[in-house]
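In structure tokens below, several structures.
In the two assemblies presented below, chain A is common to both, partnered first by chain B and then by chain C.
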Partner chain A sequence: MTDDYEHYEAVVVGAGPGGAAAAATLADRGVETLVLERGVEAGSKNVSGGLIYAEESAPYTIDGLFSGFRQGATERPVSEYYIHNVAGDRVKTFDLGDVHHHDTEWCDAVLRRRMDSWLAERVHERTRETGGGLLSGVRVDGLLRDEGEIVGVTCEELDPITADVVIAADGVNSELARDAGLMDWAEPDEWFQGVKAVVDMDPDLVDDRFDVPPDDGVAHLFSGDLFDGVRGGGFLYTNEASLSIGTVFHLDSLADERAEPHELLDSLLTHPLLDQWFQGEYHEREYAAKLVPDSKKAAHPSPHQGRLLLVGDAAGQMQAQGPIIKGMNHAVSAGGLAAEAFAEAQSRGNPASAGALYERKLEDEGVMATLRPTRYRLTRAVSEHDLVTRAAEGVLDSAVGRAGVRAFDGLLERGFNSPFLLGMIPDTRTSYVTIPRVVAEELGEPVEATNDVEPPALDDRIGDLTYDVGEPHIELQDNSWAASGTAVTACPVSAREFGGGCYREETIRTNGGTERVVSLDTQPCVECGTCAIVADTEWDHPAGGKGVEFEEG
Partner chain B sequence: MPEIDPTEHDITELGPEIADVDDEQELEEMLALEKGGEGREGVLTLIEDRLETVGSDEETVDPETVDLTDLSVADVANMVREVEDVEVLRDVLERETAGKDRKGAKSQIENRIESLESTGAESEVEYVPPAEKHPDLDHPTNDKRYVEGTVDGDYRDMWVFCETQRGELIDVSREMLGKAREMMDGYNDDHDADEAVVAVLIGDGVGDLTDECLAYGADRVVYHEDERLQRFRHRPYTEIFCHMCRDWAVDWRDYHEPRYTIFPATNNGRDLSALVQGELDSGLASDCSGLYIEEADISNPAKTGAPGETTTFEKVLHMKRPDFSGFEYSTILCIDKPHRDFHPQGASVIPGSFEMPDAESEPDGEVVEHDLELPAEWFRIEVTDFDALEGGVDLTGNEVVVALGRGIGRDPTRGIELGLEFVDAFESADLGLSRGVITASYQFDGHVADYVAEERQIGESGQVVEPELYVAVGISGAVQHKVGMDESDTIVAINTDPDADIKDFSDYYVHGDLFEVLPRLTEALEAGEFDRALAAEVSDD
Partner chain C sequence: MTIDTLVLTKGVPDFREGQVSFDEDGHLERGKTPTVMNPNDKHALRAALQTKVRNGGSVSLMSMGPPSYAEILEEGMADVYADELYLLSDREMGAADTWATAMTIATGIQHLEAPPDLIFAGFKTADGETGHTGPQAEWCLGIHDDLPDYPLITHVVAIDIDEAEGVVRTKRLVEGDVAEIETVEADLPAFVVADPEFEPTYRRADHRLRHKDFREQTRARAAEFGEYLAEDSEEDPTDWEDFNMWDHDYLNLDPDFIGLDGSPTIVAGVDPIPKAPSEREATVVGPDDEDGMAEIYEEMAAYAGGD
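Entry: the complex of A and B
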């Protein structure tokens, strides 16, 4: 039966950095490669904060695979890196330059629409040479199996395709990883939710207000009590003619606190500290959101099954090193290694060994050790324990703790700058909220500015996005408040008391009483993946080319 | 000195420049210059990359002597692709087996041997007529591959099937005629010929459309009318078309079959095109979006009859069609083989691919009625019933549209009832809904449930209406709703929230609870006092 289908040596699903790296490496090794991407154009579905790192120790870098990448696809190099600890209007700033530059060959800010479409053009040229190519507007909707073995993929828009290897670089909420049973979407504590606004700013104003040369840029991070106790932080990166400003929160914390992501973003945008950069002007180009896996918990130690190899977010390979977010670079490394593994396995006449070889390469190249540090695993059990958290909070807030913070001023900055310590940071309130807050209270200076910009309301943010509405792609399995109510707040385009979101709270009359339920309309959905985890849904991506289309990403 | 001194250029300028340099020597010099200068990392990589590409082109390995263990499987694959001599390949295979014995490498070599031997074989095979090839069969000419197997037939003209619906030409028929005209004008010029565009009309009462076909570009219109042909049917339509263009003895049709045929890629056109082209013994390029006539150089031995030779085929219809949902285009050519013709060269055309031509006001041309008794046998399949697709609710023709939003959430069934009562009090009115209502989990009682459906949705992904009066009841006025109604002459909003966006684009804003306001307005309307009642409700804030 499967003999009738079109066959390629390799099928790569997804044209993000992971897919692009895999496809380019396969093509360079002469493997016939077809790349399938669901967006109308590569990048139209993707969101990043956007700092892409080229690490000195990495087996692959994006410019190593695509010459001219920095000239053609990025915004500004990021040479300076600061974190602002915030308590009310008091702020204490640390320079995190050391940890930012540690193991870093270069680091540029990117916008994904531009970056991914630039990559896709080259991927298409190179894979075409092998007899394949890149097809956009095609959504892969499952694995093709023959007698239980994975032999290819099925698509919504095309006939099934068979392949000797399927590289799933389909990002967070990978439908292929789910289909293979390699990833489940069950535990909120394995994920972050990232929300971001791209804000218009003239290049001259960027140079001026951030005090950077025209071809250079800066990163500012924010933590402390800005976010109603939700664990996470904010970022601001300079682009060529815009700013990327966003927040990244632990999904479990966001869900538990019933926080509204767009309001948390607004808390950052309207903080007095940002007035020095906005100076009363604010024009938002795009509002976007996406889940981010936490490799410390989610990185699959053995990301393959039969002919299927997972790379990048699909395999949970997204490293949050304290405030530093590294996903794109690891996706590139993994894509390169997976491709290399297949090419080698194939030339040894044993393509079936590609998965095992890939796994070994991830270990040998140190990628796995970076993604799932043993020291985190060892300290987590103790430091994330509630009691320890409470004790630590108590100490920090006590006179003694505060005195300690004051005494350790310089040391603290050094501590933040240690990649080793960052890898050990427990995921608790203490590290995200309390330490920064106490630091700011004890060491910070008040910001003497008023920031009166008004970010757009949620309905205008939705109204400014571009959608090509198709069939509903998410189905509510259980619309009770208990099962799915969290989505009303956690969905970045829904909110309580807002009728225009995806998830809305409703009260219906039942015989004898009333019941609190939620209803779902997928039209405003930005495909972030949150409700796949926090609500009881049957969650798929929209058909190829359908759904939201990001212009910036 | 190389032509470009890299040290004098920006890296961004250099990228494209370097890509054009093919000379290894020159690149080496450039590399040296840059190293002697700033030694910019990016520039060095650019030049080195280019050197590698250029260098690799020229590097040739001798398959007879090369040490195979030095080559990767891909290298082997590339190498054998160039080798034409089977003996050399067998030797390579032996050496590989004796050496690393890589399965991948061996299969590459074996494949190459096989492909050389099989093409060789094909070139030697003599043409055997079907009768000789299958002496055991009764009807060897009925070989599955063709009906007639005409060789060197006479072909002329471009035939265009003009589809009609409800007694009118559909747009794509006009588009095809325009395109056919343009192509055949070019053809006649290029070949100093006088071949025609022939329009084909089949149906009931299609005689009325012949002039229109001439006006859009036909030289000759052939039509067949019969009331049994009112709806499209496979058998008679196919038989008539084929009879017209292949079997019909008329003086102007002094050829075997048309040179070209064009059909619309509509539901009916797709069926007909496949049936006709099959019956006429040719192929079909379906769903095309581009057509042009040009010569083509072909080296495929199946077509030229002589391996290694390239033959120029004249007057080839190039048929472009989108593949992979428009991501790639293929150009399909339908070319005769040495022992079998492939004519007519036929295509079906996606509606909207070609421009709508201007109709000529006084066209000249010839109209011919096709005279043929249609055997009853062709009509054995009868159309007993047909149904037009459900049109759904059309809200556009109403003077008044009353639209309900999530404001009805407190008691959804009652809300719809109140809306319907209000609607009924107008002469020409209907009920619309915001999307917010349609996608809610509200539970409606049976008698109103049918009203809550997407066919009543107003807005970006619903209907766009411009009635004289639009009443937005419990609707916040999201932009996606607004685009469906803000061209209405008068807009009245009823809402409990004075800050709702809808207020900004309403002519009258009633601040109040719809469950109270609607009954009052309905009553006033029935009493003929709507204006006064509305004026009383409208708030001035």
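Entry: the complex of A and C
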């Protein structure tokens, strides 16, 4: 029955860094490759912080695959890297240059619309020569199966397509990984939620206020008590003519604390420490959000099934190394390895072995060890235990703990700079909130400035985004408060007492009394994926070219 | 087999806000209003492009009008797609009505290297609003014995060509009390008038990829052709190898049967459409004003009762 369908040797789903790397590698090896991307243009759906790293130890780097990448697609290189430990208005800053430069060939700030569309143009040229090419505005909505075996993809906009290999580089909330049963979207503690604002700033002012030469840049990280105890932190990166400022929080913590993501972002934006850079001026170009998988828990050890290979966020290959977030570089490595595995398997006349070969390459190249460090698994059982956390909190906050912090000032900075230690950091309040807070209280200096910028309200943020609204793409399965109420706060474009967002709280009269329920309107949705995890929904992406369109990302 | 198509188009005043200019009496100021491609013709071009993408072959674009219409053809080529451009142009063809235009165009078609497999026209021009030229041109093709028969299908919203059977299958929109979609099949060659509701369909990836290729080529070619059109250009559009300008001599047309002399339509006069009064009288009645409400009731009761 599948004989009549259009066929390509390889179909790559998604044109982010993972898909681009896979497609370029396939094309270079002469494999006929079709790339399908749901956005109107590659990048229009994507959000990252975003610092893209080229690691010395990595099997593939983005500029290795795409010459001219740094000239054409990135903002500024990031030469300096600081973390600010915050307690109220007291701040203690550590220089994290060592860990930032560790294993780093280079690192640039990027905006995804620009980066991904630049990549897509080259991917199209290269894959077109193989008889394939890149199409945007096409959403793959499932796997095509023949007698239970995966043989291709189905799309909303196209007739089914068969392929010898399907590389799913469709990002976080991968519908293909879900369809194959390789990823479930059940556990909030396997995810982070990232929220980001892109803020206008003249290139000269960036140089001036951040004290960097033109064409150079800096990264500032923030942790401590400015986020109401929610586990996570903030970042600020310099672009050519703008700043990327955002927050990344553990989704379980965000959900448990019933925190409002936009308010946490505003806490960062309005902290006195940022006044030195804003100096009273603030113009937000774009507000965006997206989930981020935590590879320590979510990276699939065997990310393939039949002809389907998962790469990048789709496979959970997103590494949070303490405050350093590395997803794009690993997506590139995985994309290259998956492509290489298929090309080799095909040339040996056994394309079906591509998945196993890919898995082996992830191990052999050390990618898997980086994504799921054994030492984290070993320490987690103890350090994330409630009792241990409470004990650690107690000690840290006690006179003894504080004296220790004071005594080990220099050592602490070195500890922060150790990639080895960062790999074991437990996901507890202690690491994200208490240590930075105590550090700031004991070692920090108060910031003397006042920061009076007023970030836009949520309805203005939504109003400034571009949408091509199609059919509703998320369905509430259970609208009870118990099942889906968390989405009212956790959804980055919804809030309690806010009528304009996606999720709203409602009280309905029942014959016995009243009942608290939630209602959903997907129009302002930024497709972050949060409610797929924290609410009871039937969650799909919108049709090709529909939904939100990010200009910056 | 491949399918060669021809699209008929016309320049019209740009009626969009901010472009169009009327004098005090409400007459169109032609000199001050830019000319653009008749918007409906874009649908015909899209149908032709769909045919090229899905079935192969070439797309030609033909218009009758002054030499400045080269820009209209360029717009069509750049905005959708066209391989070859044909402009039927000289003084003798001026001031033609739909009939004389149809005569000229049919003869233009006869002079093409080979009769097209499909001829597309748009529905109605934005200035004449008659919707006659397409069907009349189809009728006039019948005058030329050396051309095949072209069955006419109008109001087409979707098109699919079965090359093996040598037929074109279309969906046409029939608007009556309720809009209906009717399926009509015709032998090739055929003459198709595209409805404004026409939607091209590309359900295969290779079709979309080819579409993308053509769009890229189009941009490059349009830029090249644009050089001939640039105001300070030394070059003439006719120097461009894909642009053909034919006059009545070339087409062997008798001036008595074309242009103003060949037009049976006599415009007796033009009535400007009266402008809607800009101010209306309104009385505001508050919800608590009982007398006011009673008055309104009195006024309305007459209509409500049907007498």
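Basically, the second predicted complex is superposed on the first by the 553 of 553 C-alpha atoms of A that agree within 3 Å, B and C clash if a C-alpha of one lies under 4 Å from a C-alpha of the other, contacts with A are read in each partner's own complex, and residues count from 1 in each chain.
The rule is short, and it goes like this: a contact is a pair of C-beta atoms (placed from the backbone, for glycine too) under 8 Å apart; a residue touches a chain by one contact, two chains touch by 3 or more.
Quick caveat: nothing in here was measured; it's all calculated off a predicted structure.
Superposition model on chain A: chain B and chain C are shown in a clashing arrangement. In the superposition on chain A, A:Ile508 makes contact with chain B only, not with chain C.
With both structures placed on the common chain, the touch criterion links A:Gly133 to chain B and to chain C.
Of the two partner chains placed by superposition, only chain B is touched by A:Arg29; chain C is not. When both complexes are overlaid on chain A, the residue A:Pro301 reaches neither chain B nor chain C. In the superposition on chain A, contact is made by A:Asp159 with chain C only, not with chain B.
When the two structures are aligned on the shared chain, A:Gly500 is found in touch with chain B, with no touch to chain C. In the superposed pair of complexes, A:Tyr8 makes contact with chain C only, with no contact to chain B. Comparing chain B with chain C, more residues of chain A are touched by B. Superposing on chain A, the segment of chain C with clashing C-alpha atoms against chain B, chosen from 23-31, 113-121 or 221-229, turns out to be 113-121. Overlap of the chain B and chain C interfaces on chain A: residues 133, 135, 138, 157-158. By the touch criterion given at the top, residues 203-206, 208-209, 212-213 of chain C touch chain A in their complex. Considering their complex, residues 29-30, 67-68, 70-71, 133, 135-138, 157-158, 346-349, 459-460, 463, 469, 479, 499-500, 504, 506-509, 517-521, 523, 544 of chain A touch chain B.
Within the complex, the chain A residues that touch chain C are 6, 8, 34, 36, 124, 128, 132-133, 135, 138, 157-159, 161. Residue ranges of chain B in contact with chain A, taken from their complex: 11-12, 15, 42, 45-46, 49, 72-74, 77-78, 102-104, 324-325, 327-328, 405-406, 409, 435-436, 439-443, 461, 476, 478-480, 501.
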